[in-house]
Structure formats: C-alpha cells, structure tokens
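Each of the next two complexes has chain A plus one more chain, namely chain B in the first and chain C in the second.
Coming up: the complex of A and B.
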C-alpha cells in the first residue's frame, strides 16, 4: 500500500487523532514508525486501520526542533501506543507528552544518544557492569510558556514484593525479562523489559543495499522466516511495480503455509513442555522435522531458508517437492487427532488453560494483538482474508476465531489453523502453473521515492514492513512491525489478578518470539 | 612413571590425527609426566565427565531452536549423554551459547558464566556467538563471546545444522578426555579473560 499521509500539526494533533478514532472508527493502531526526516525534523508516522471496513490510513506528524522534539501521546486512545511510543523515544529521543512511562525500552538506561537519528555515531566498547535501572518513570507535560515539565512516577511502593522473571528463564522463550509485582501469589503488575536481543536490524538496513537487507529478515522471527521475507520482498516489489508470475505466487503461498505448519507444531511442542508434558513435545518436534524435510529439499536450509528474493525465488522447486508435500499432507492429517488425544484432552491442560488469562476483544484491538491471540478473542484480523495477497484470494480456507479469549482458545486457534494450512496446501500443490520462478532485476536495485507499507500474515500476527525510499540503492528508513511487541505489552492487562503459575500458561499460549520483539 | 600415549576409550585414535590442537594437548600431558595412579583415575573420572555433560539452556535466538531439535527424537543427543539440560547455571557443566549476545545481555551472560562451578566449558554456537555473524556491523552486538569468556569449542553456521552441533559436542568430549582432572581441570576459579584493548581499525 502506497502511503498518502494525512499531515497534522503538533498543536492540533491530539484532537485530530481523537476524531479519527471516534468518528471514523480507526480503532486499530497498526504501528508507529519513528523517522528522522533530516532537515524537516523528527517525526512519526501512524498507520491506522478501521477494523470494520479494513480501510487503512496513515498520519504524519513532525516536530521541527530536533533538540526538544515532542509530540502529544495517543496512549489514551490506543493502549498499545504506550509501548510503541517508548520505542520511538528510545530510538529517536522524541518525547511524548502525557505518556506515563517515558523510559528507554530496548537500550540500557545509561546508553548515550539516540541510535536511529541520522547523525548518531556509535561508541566503541560496552560495559560488563549491571545496568542501574531507574525505579521511576518520567511523564512530560507542556507548561504555559512552552517549556517541558517532567513529573516522576514511582514504579514500586515500599511494600511491593517484586520478582524478576528472566532474562535467563526457560519459560520466557528467550531473553525477555518480566518484572512482576506480587501480592501473595497474585500478580498485581508486570513491567516487561525488552532489548536483551536488540540487534539494531532496522538501523543496519539503512546502510545495506536492498538484496542485503533480505538476509536479516529471516533472523527476526525465525519461526516465520518465510513470511518476514515475503513482507519485505512484497513491499520492494510493490514499490518498483514488479509483476510476479503465477508460479511464484503459488510457490510463495505454499511455502508460507508450510512455515506456518512448522511454527505451530513448535508452538504445540513448547506449550506442552512448559506445562510439563514431554511426550507431546517430542510428538510436535517429530512432525516438525517432516515439514522441515519438505522445505529443505528446495531451499537448502532447515530453520533459516533465505528462499525468496526481490522479483521471485532463489531457485525453482525441487523435482520431488510436489510428491513430498502430498506425502506430508497425508502423513500429518491423522497426527492432528493424535495431538488432541495425547494433550488437548488432558485434565491438567484443561484446568490450566480454560478461563485463564482472558483478553477481551476490545483490549485485543486496543493493544493491537494480531494473529492467533486476537482471533481467540473474536477479532477477525487475518491479513490473508482482509488484505489478500498472492494466492490467498483464490483459495478456500476458514479464518479460525473463538470468542473466549482465554489460554485454551489461543491454543485451539493454532491447532485448527494447522488443519487450514494443510487445506490451503492441498488446493494449490497439484496446480502449480509453469512459468518463470524469477523475474530478472537490475544488478543494483533502486526503489523510486515514496513510502510504502505492506503486511503479511506471520505465524503469530501481522508482520508489516514500512519502507521509506529516497530513490537510493538502500532504504532511507525500514521498519518492521513486530508481531510480539503488542502481545508483551498486553501481558500486564491479561495477567493482573491471576496467579503467578498462570504466567507460564499465558506466556506459552501468547507464543511470542523475542528476537522479533527486539529486532 | 610416564604414560606414553593416553588411551582414550570409545573414540578411535585415528580421529585425532588431523586435529593439531588436540595433539598439542596430548603432548603437553605427556611432557609434564603423569603419575600412573592419578593418570588412570583421571581416565575414569574423565570417562564419566565426558559422557554426562549437562548444559545450561541458554538460547538467545535462532540457534536455540536448532538446539531444541538436537534434543528431540530425530537427532537425539541423549545418545552421547548430553540430554540433561539444566536451567540453573549452578548445576551445569557447560554453557552452550546459542545466539547473539548484545551489549545489554553481555553483563547477564558474564554473570551466568561466573555462577557456574568449575570445571566449566563454553560452546559458541553459530556465527553470532563466534564473531557477531550477520549482525557484526550493528551498534549493539558483541563481536563474539570470546571477548567476554574463554571459549572451548566453536560451532560455525547460521544456524549450525544439528549434525554440526553434535560434532562440536563430541569435540568437547574429546577435549575433556585428554584433560587432567586432578590438579588440572578441577582448578580454582580463574578470572575470565576480558579483551578491552582491541584496536579500532581491527576489522578494516
């Protein structure tokens, strides 16, 4: 989607955004993109969606004073904005007036400078000392005379019992840290700490040529490596006006669904392991290997395939691909019943999942929890249905939704989606048309000026890529919409009042991947 | 009383021929002179140690998934005695660093290493842990965990295939089998090597 921004002034930004939310029902804040516009100043681009009509729009706001850049917050309109604004503050140093939590999100609190500004110079070396994190947050407001006023809010009271879960903890699925305030064993508040695997992918992309940037996407959310790359290829292809052949579209759709199968099988395994069911874990991983075999013969990679490229695919499919995928489909269909038999019906699972960790539909939309988490709450957010790309408009499949919004619904959504993935693959695999697998591009790819945003349905939500090109051979700004960040920001809402043991169930079913959150 | 060549059970000697570093270790062992009694006790202890390597589950990114795959039915590292994974560094023999270490993670990683009991080993899995890998030019990535802790085995790949991880672990087994446990590997805590004075134009 080529972006035609509505441009708002900082002064009436807050009221205009409120109007968009209430009058035009843009109730889903897809993402906030911070950007250094050079001489124009620092600013943000807000991408919004109307969840009824699926219409999308983008809003641009620029703060011209680089040293004292501020923009009014929208965190009272969309709950998910709070953490997205913290991200922008961390990278660009833009202060959001009225946001109650203006701490750094990814970088250490003693980090100097704002890395995504164009004039940032990285310092050599790093500290092996622990970070002395502040135990307060800052809230900024504007005084009558135009100066900024800071107010401190304490994170903890003296009676609070605080437990740190992570960054090295088996149940956080990576290096996430959750600062949990407990009352007995009831959770009162969770402060998520991200950034332990922040690798600065977006900043690196600004120095790389377009084909080079592709290599980094697979390593963001490695369990939806294909979809990440799909989104980035799509946005560049759309910007350059490349028309793909049907063969490419068919293969990409099949590969995406195989990847989804792989990811959900791993979800099933990890979910089981978190609850202590080792057999189910082994079952899930066993069948995942069967899926990997199919992909490996064509792509040569197990986990990270590096298969798509701008204008098509790296190589044609393997001669045995069609045969093997059909065999896989036949093999895996009876297995779904086995998963249900061995794990879904288990009393322990039922007790630990049903009615636990409820996220309402309103909150799912407000936080922007896409993917299985949103669909478990009854929000129809499947990008494949709402904004069909490649072959998804031409195949039959159901968008799985539940209404409970609890852990069990989130678990069931994934299991049912695997069946739908097989259904999609079966419709396509016999009819792959002949044609080119790659449309030749120039050796140096230059994208015309403009801004684009394209998204794909990843394994755990909407993976979107925002591209700002100035006609160069590398992007001016490239931003990935992380699938996991809204899920982590919603954890506090989901878990407040629940028992600490349920944090494990909720973490398992939210199914976030940390390198995707931190990028 | 010297042993001419330390006999290593269950791994044919021929496999060591190409590996110069291991030869060096064997030579060092021979030069210093080994008592027969402690020598055979060493063998016994090292046989046990090398076949029950407990690793800390420490995965920061992609390589962690391959580590899980190695643990599962198809690759099954229980065959070698690695299957017990500990979540606490105090109970682990080795830290398998699977993934990128960022500047924010570096103090945490060093603390985890320091918390482990001697003798302890480090396996660097994947390009990121070895040198920063694809993220080498980033402002927030440690260029190899060798800067923070001493590394015993490097397993290259992005991510390494499970077979490569198995091979790396077998190399670690071999390293352990030629170590002196009494008065050698079972030494007191040493300060980790921290390299800080890398010249700025080192990579150019």
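Coming up: the complex of A and C.
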C-alpha cells in the first residue's frame, strides 16, 4: 500500500486523532512509525485501520523542534499506543505528552542519545557503568508557558512482593522479563521489560542495501521466517512495480503455509510443555520435524530459511518437493486427532484454559493483538482474508474465529488453523504452474522515492513492513511491525487478578517470540 | 511359603549362641546391619526407579531414552549419581544456613522412615508395630517440614512460593491418604502392617477383592492423594518447572539436591508400596481357593509378589505423570477439599457399614 498521509499539526493532533477514531471508526492502530525527517524535524506516522471495512489510512505528524520534540499521546484512544510510543521515545527521543510511562523500552535506561536520529553518533551511546534501573516512570505535560513539566510515578509501593519472571525463565520462551507484583499467588500487576535481545535490526537496515536487509528478517520471528521476508520482499516489489509470475506466487503461498504449520506445531508443543505435559510436547516436535524436512530440501535451512528474494525466490523448488509435501499432508492429518486425544480433551487442560486469561474483542483491537490472539476474541483480522496477497484470494479456506477470547480459544484457533493450512497447501500443491522462479533485477536495487506499507499474515499476527525510500540503494527508514509487542503489552490487562500458573498458560497461548518483539 | 524369619532367627542365634555375644552387642550389630541394608536398598531402588522413569517415559514419547552409557543406557543413572556426588555444594548468600542445611535431611528422614515400614516378605518387615499404619503416616509427614524449610531458607522468591504451595498441598492430601488407610484398617481390624497382609491370605483375599466397591474407591483415592503427596505430576506444583524453575530446591546443588531427588523417587515407591501392601496383599500371593494352584503360587517368594505389585503401581503413576498436564494450585486444593476428602469420608462410612454387616467376601 502506497501511503498518502493525512498531515496533522501538533496543536490539533489530539483532537483530529480522536475524530478519526470516533467518527471514522479507525479503531485499530496498526503501528506507530517514528522517523527522523531530517530538515523537517522528528515525527511519527500512524497507520490506522477501520476494522469494519478494512480501509487503511496513515497520519503524519511532525514536531519541528529537534531538541524539544513532543507530540500528544494517543494512548487514551488506543491502549496499544502506550508501548508503541515508548518505543518511539526510546529511539527518537520524542516525548509523548500524557503518556504515563515514558521510560525507555528496549535500550538501557542510562543510554545516552537517541540512536535512530540521523545525527546520532554510536560512540556516545554506551556506558560501562552498572545500569541502575529506575523504579519510577515519568509523565510529561505542557505548562501554560510552553515548557515541559515532568511528573514522577512510582512503579511499586514499599510492601509489594515483586518477583522477576525472566529474563532467564523456562516459560517466557526467551529473554523477556516480566516484573510481577504478587499478592500470594495472585498477580496484581505486570511490567514487561523488553530489549534483552534487541539488535537494532531497523537501524542496521538503514545502512544495508536492499538485498542485504533480507538476511535480517529470518532473525526476527524465527518461526515465521518466511512470512517476515515475504512482507519485506512484497513492500520492495510493490514499490518498484515488479510483477511476479504465478509460479512464484504459488510457491510463496505454499511455503508460508508450511511455515505456519511449523510454527503452530511448535506452539502446540510448547503449550504442552509449559503445562507440564511432556508427552504432548514431544508429539508436536516429532511432527514439526517432518515439516522442517520438507522445507529443508528446497531451502537448505531449517530455522533460517533464506528463501525469498526481491523479485522471486532464491532457487526453484526441489524435484521431490511436491511429492514430499503431499506425503506430509497425508501424514499430518491423522496426527491432529492424536493431539486432540492426548492433550485437547484432557480435563486438566480444559480447567487450566477455559475462562482463563480472557481478552475481550474491544481490548484485542485496542491493543492491536492480531493473529490467533485477536481471532480467538472474535476479531476478524486475518490479513490473508482482509487484504489478500499472492494466491490467498484464489484458495478456499476458513478464517478461524472464536468468541470466548480465553486461553482455550487461543489454543483452538491455532490447532484449527493447522488444518486450514493443510487445506490451502493441498489446493495448490498439485497445480504449481510452470514459469520463472525469479524475475531478474538490477545488480543494485534502487527503490523510487515514496512510502509504502505492506503486511502479511505471520504465524502469530500481522507482520507489516513500512518502507520510506529516498531513492537510494538502502532504505531511509525501514520499520517492522512486531507481532509480539502488542501481545506483551496486553499481558497486564489479561492477567491482573489471575494466578501465577495462569501467567504460564496465558504466555503459552499468546505465543510470542522474543526476537520479534525486540528486533 | 518362604519365610524370611528363618534367616533372621539363624543370624540372631549365630550372634548369641555360636559367637556368645551378649544382648547389647548382638542387638547393636543387628541394628547397624539392618540400617545399612535399608540405606543400600533405598539408594539402589532410587537408581532403579530413575532408570525406569527415563525409559518408560521415553517409550511413551516415541523416544529411546538413555542409550549411550553402557549397554541399553544401563550405566546412565549410576553416572549421574556419581556426578551428583562430586559436585560442589554451595551456600546461598543471606540464606538461613542452619535450616538450609537441615532441610534435605528432614525430607530424607521422612522418606527413609516410611521406607522402613514396607513388609518385603513374610518375616522381613523392619518396623512392625501394632500401630504401624499410624506411625507410618506420622513419620512420612516429616517430609513436609523439609520441603517448607528448604523453600523458606533459600532466600529465593520462587522457592518461597513453592514452599507455600508444597506445605499447603502436602498437608491437605495427607487427609484423604489417611482416611483411605483407615478404611483398610476398618476392614482388617488391625493397624499392624504384617497383620493387614496376613488378613489378605484367603481365596481372593486381597482387600480390593474382599472389600469390593469401598476398597476400590479407597485404592483410587489413595493413589491420587499419594501422587500429590509425593509431589509427582500432575501434582508437581511445588517444583513446577515451567513456573517456578525448580521450586523449593532451586538453590540446592550436589547432594543437597540429590537428597530431594532421591526422596521424590522413593516417596513414589513408598506410596506404591503401601498401596500394594494394604490393598493388593503385599507379599501375599494371589490365592484362588484351588489348593494345587495356591501351592504353586506359594512357591513364588513373597519378595517378588511385593515388588511386582509395587512396580505395577509405580508404572501406573508414571503413566499418569507423563500424560497429564499440571493442575493449578486452587484446582489442586479444590480437588482435595471438595471431592477427594468428602469422598474418602463417605467411603469410610460405607466401609464401616460393609465391615459391620459382614457384606464383604
């Protein structure tokens, strides 16, 4: 989607955004992109969607004073904005007036400067001192005379029992730290801390050529490596006006679905493991192996696939690919029944999942929890249906939705989606058309000036890529919409008043992957 | 039937008559010898159980389990034990040193104490009192204190949560555990373990046959409660790996951890052993009332009967552990206080009626 921004002034930004939300029903904030516009100043691009008509729009707002850049917050309109604004603050130093939590999100609290500003010098940033984490947050407001006023909010009271779940913890699936205030076994509040595996992927992209940036996508959410790269390839191809052959589209669709199968099988396994059912865990891993074998023959990779490139695919499919995928489909269908027998039907599992960790549809939209999490709450957010790309418009499959929004619904969505993935693959695998697997591109790819946003349905939500090109051989600004960040920001809301053990079930069913959150 | 008291009386007379030792010395030697044998059996059974668990769960999960160390992986567990023995034992800063040291021993005392009650064969019960059942439940509950102290003294928040869980869970489940044992006592009319076994010697005399419905209910409740008492899945909340890392023994290393590990497996064995003794006739062979068959069955030593029954129950408990996901703390307590305990109480009444009116076989 080529972006035609609505441009708002900082002064009437708040009221205009409120109007967009209430009058035009742009109730889903897809993402906030911070950007250094150079001479113009620092600013943000808000991408919004109307969840009824799936119409999308983008809003641009620029704060001209680089040293004292501020923009009013929209966190009262979209709950998910709070953490997205923290990210922008962390990278660009734009202060969001009225956001109650203006701490850094990814970088250490003693980091100096704002790394995504174009005038940032790397040697200034780091310090070798011990990082004393602040136990308060800042809220900024504008005084009458136009100066900023800071107010401190304490994070904890003196007799809170605070327990760190993570960054090294078996159930966080990576280095996520959830600072949890407990009352006995009951959770009172969760502060998520991200950034333990932050690599500055977006910043690195600004110095790489377009083909080089591709290598980084597989390292975001490694369980939707194909979709991540699909989104990045699509945005560049769209910007350059590359027309793909049907063969490429077929193969990409099949590969995406294989990847989804792989991810959901791992989800099933980890879910079982987190609840202590290790046999089900091994069953999931056993069948995931079969999926990986199928992909490996063509791509050569099992985790890091490196398969798509701008203009097509790295190489044609393996000669045995079609045969093996068909065999896989036949093999895996009876296994779904086995999963239900050994795990889904278990009474303990049902007690642990049903009615636990409920995320309502309104909150799912407000936080921007896309993917299975949103669909479990009844939000029709499947990018494959709403904004069809490649072959998804031509195949038959159901968008799985539930209405409960609890852990069990989230779990069932994934299990049912695996069946749909197999259904999609079966429709496509027999009639992959002949044609080129790669449309030849110039050795040095230059994207024309402009801004684009394209998204794909990743394994656990919408993976979007925002590209701002100034006509160079590397992007001026590249931003990935993480699938997991909204999920983590919603955890506090979901879990308040539940038990510690529910944190594990909720974490397992939200199915976040940390490198995707941290980038 | 092979009577183990032949050996014990022979050894006693060897010391007293042949060697001419006095009362004090011969009892001292016998006690030390029995103690050593118990501890050795304790360690060996732990090794067997650990190996069994690893192999059984591997086959449940379409894996092979340990295969590399020794033939069929037989030396894997001894190697692990060796590793654990030579590991450094460290102390946690600001931990309560005394309690931290004592806790593993308390857990071990409870479990070894209960272990000594198991009647292995006719005449081979180490501790055999007229209030055996009573003492058995009393000694085995010392373990709770160990778990609680370990969690409390570790100066670790995860351990503390786990200690609270452990204490709550173990104390709760002891209730139905004892109620089930009492219903067996009602039927057999004795609290002495050897007496209970002797009472099951008739044709189809095992309590689950003899006491039919109430006895079967009691056995099932006993196994569920016993599983919870031994902190085994699906009731392994105190150590809930994915929630509390390793719970109360997070901060232990080397043999400190080893003791908890040992005790966990032995508790499993003890639960199965007590259930086998009380409900499945212990070392008593299955008599079916046909004299020839009974004689043949009697030729199989009681030791094998006991171990066979116990390992069968252990296997069932492993099966449950490796299939079921973990419960949540409130669900665990609800299960006990709302379902198991009332059920066990009603069952006790039922059993009393059955015993009083002579409705059993």
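Observations on the model:
Throughout what follows, the second predicted complex is superposed on the first by the 512 of 519 C-alpha atoms of A that agree within 3 Å, B and C clash if a C-alpha of one lies under 4 Å from a C-alpha of the other, contacts with A are read in each partner's own complex, and residues count from 1 in each chain.
Methods note: contacts are C-beta pairs under 8 Å (C-beta built on N, C-alpha and C of every residue); 3 or more make two chains touch, one makes a residue touch a chain.
Keep in mind the model is a prediction, meaning the values are calculated, not measured.
On the superposed chain A, the two partners chain B and chain C both fit, without a clash.
In the superposition on chain A, A:130 makes contact with chain B only, while chain C stays out of contact range.
After overlaying the two complexes on the shared chain, residue contacts for A:282 are found with chain B and with chain C alike.
Contacts of A:502 after superposition: chain C is touched, whereas chain B is not reached. Taking chain A as the reference chain, the count of touched residues is higher for B when chain B and chain C are set side by side. With both structures placed on the common chain, the touch criterion links A:115 to chain B but leaves chain C unconnected. By the touch criterion defined above, A:107 reaches chain B but does not reach chain C. Once chain A of one complex is fitted onto chain A of the other, the partner contacts of A:148 are absent, as it touches neither chain B nor chain C. Judged by the touch definition given at the top, the superposed model places A:185 against chain C, while chain B stays out of reach.
Judged by the touch definition given at the top, the superposed model places A:195 against chain B, while chain C stays out of reach. Here the apex is the CA centre of chain A, and the angle it makes with the centres of chain B and chain C after alignment on chain A is 50°, in steps of 10. By the touch criterion defined above, A:170 reaches both chain B and chain C. For the pair chain B and chain C, the minimum alpha-carbon spacing after aligning on chain A is 5 Å.
Where the contact sets of chain A with chain B and with chain C meet, they give residues 169-170, 282, 286.
Contact residues on chain C toward chain A in their complex (touch as defined above): 57, 60-63, 157-158, 161, 164-165, 233-234, 236-237, 240-245, 322-331.
Against chain C, the residues of chain A that register as touching in their complex are 161, 163, 169-171, 182, 184-185, 272-280, 282-283, 286, 342-343, 346, 348-349, 351-352, 499-504. In the complex of the two chains, the chain B residues touching chain A come out as 57-62, 64-66, 68-69, 72-74, 87, 99-100, 102-108, 110-112, 134-135, 137-142, 148, 158-159, 161-162, 194, 196, 200.
Considering their complex, residues 106-108, 115, 120, 122, 124-131, 167-170, 174-175, 195-201, 203-204, 207, 215-216, 219, 222-223, 266, 281-282, 285-286, 288-289, 302-304, 514-515 of chain A touch chain B.
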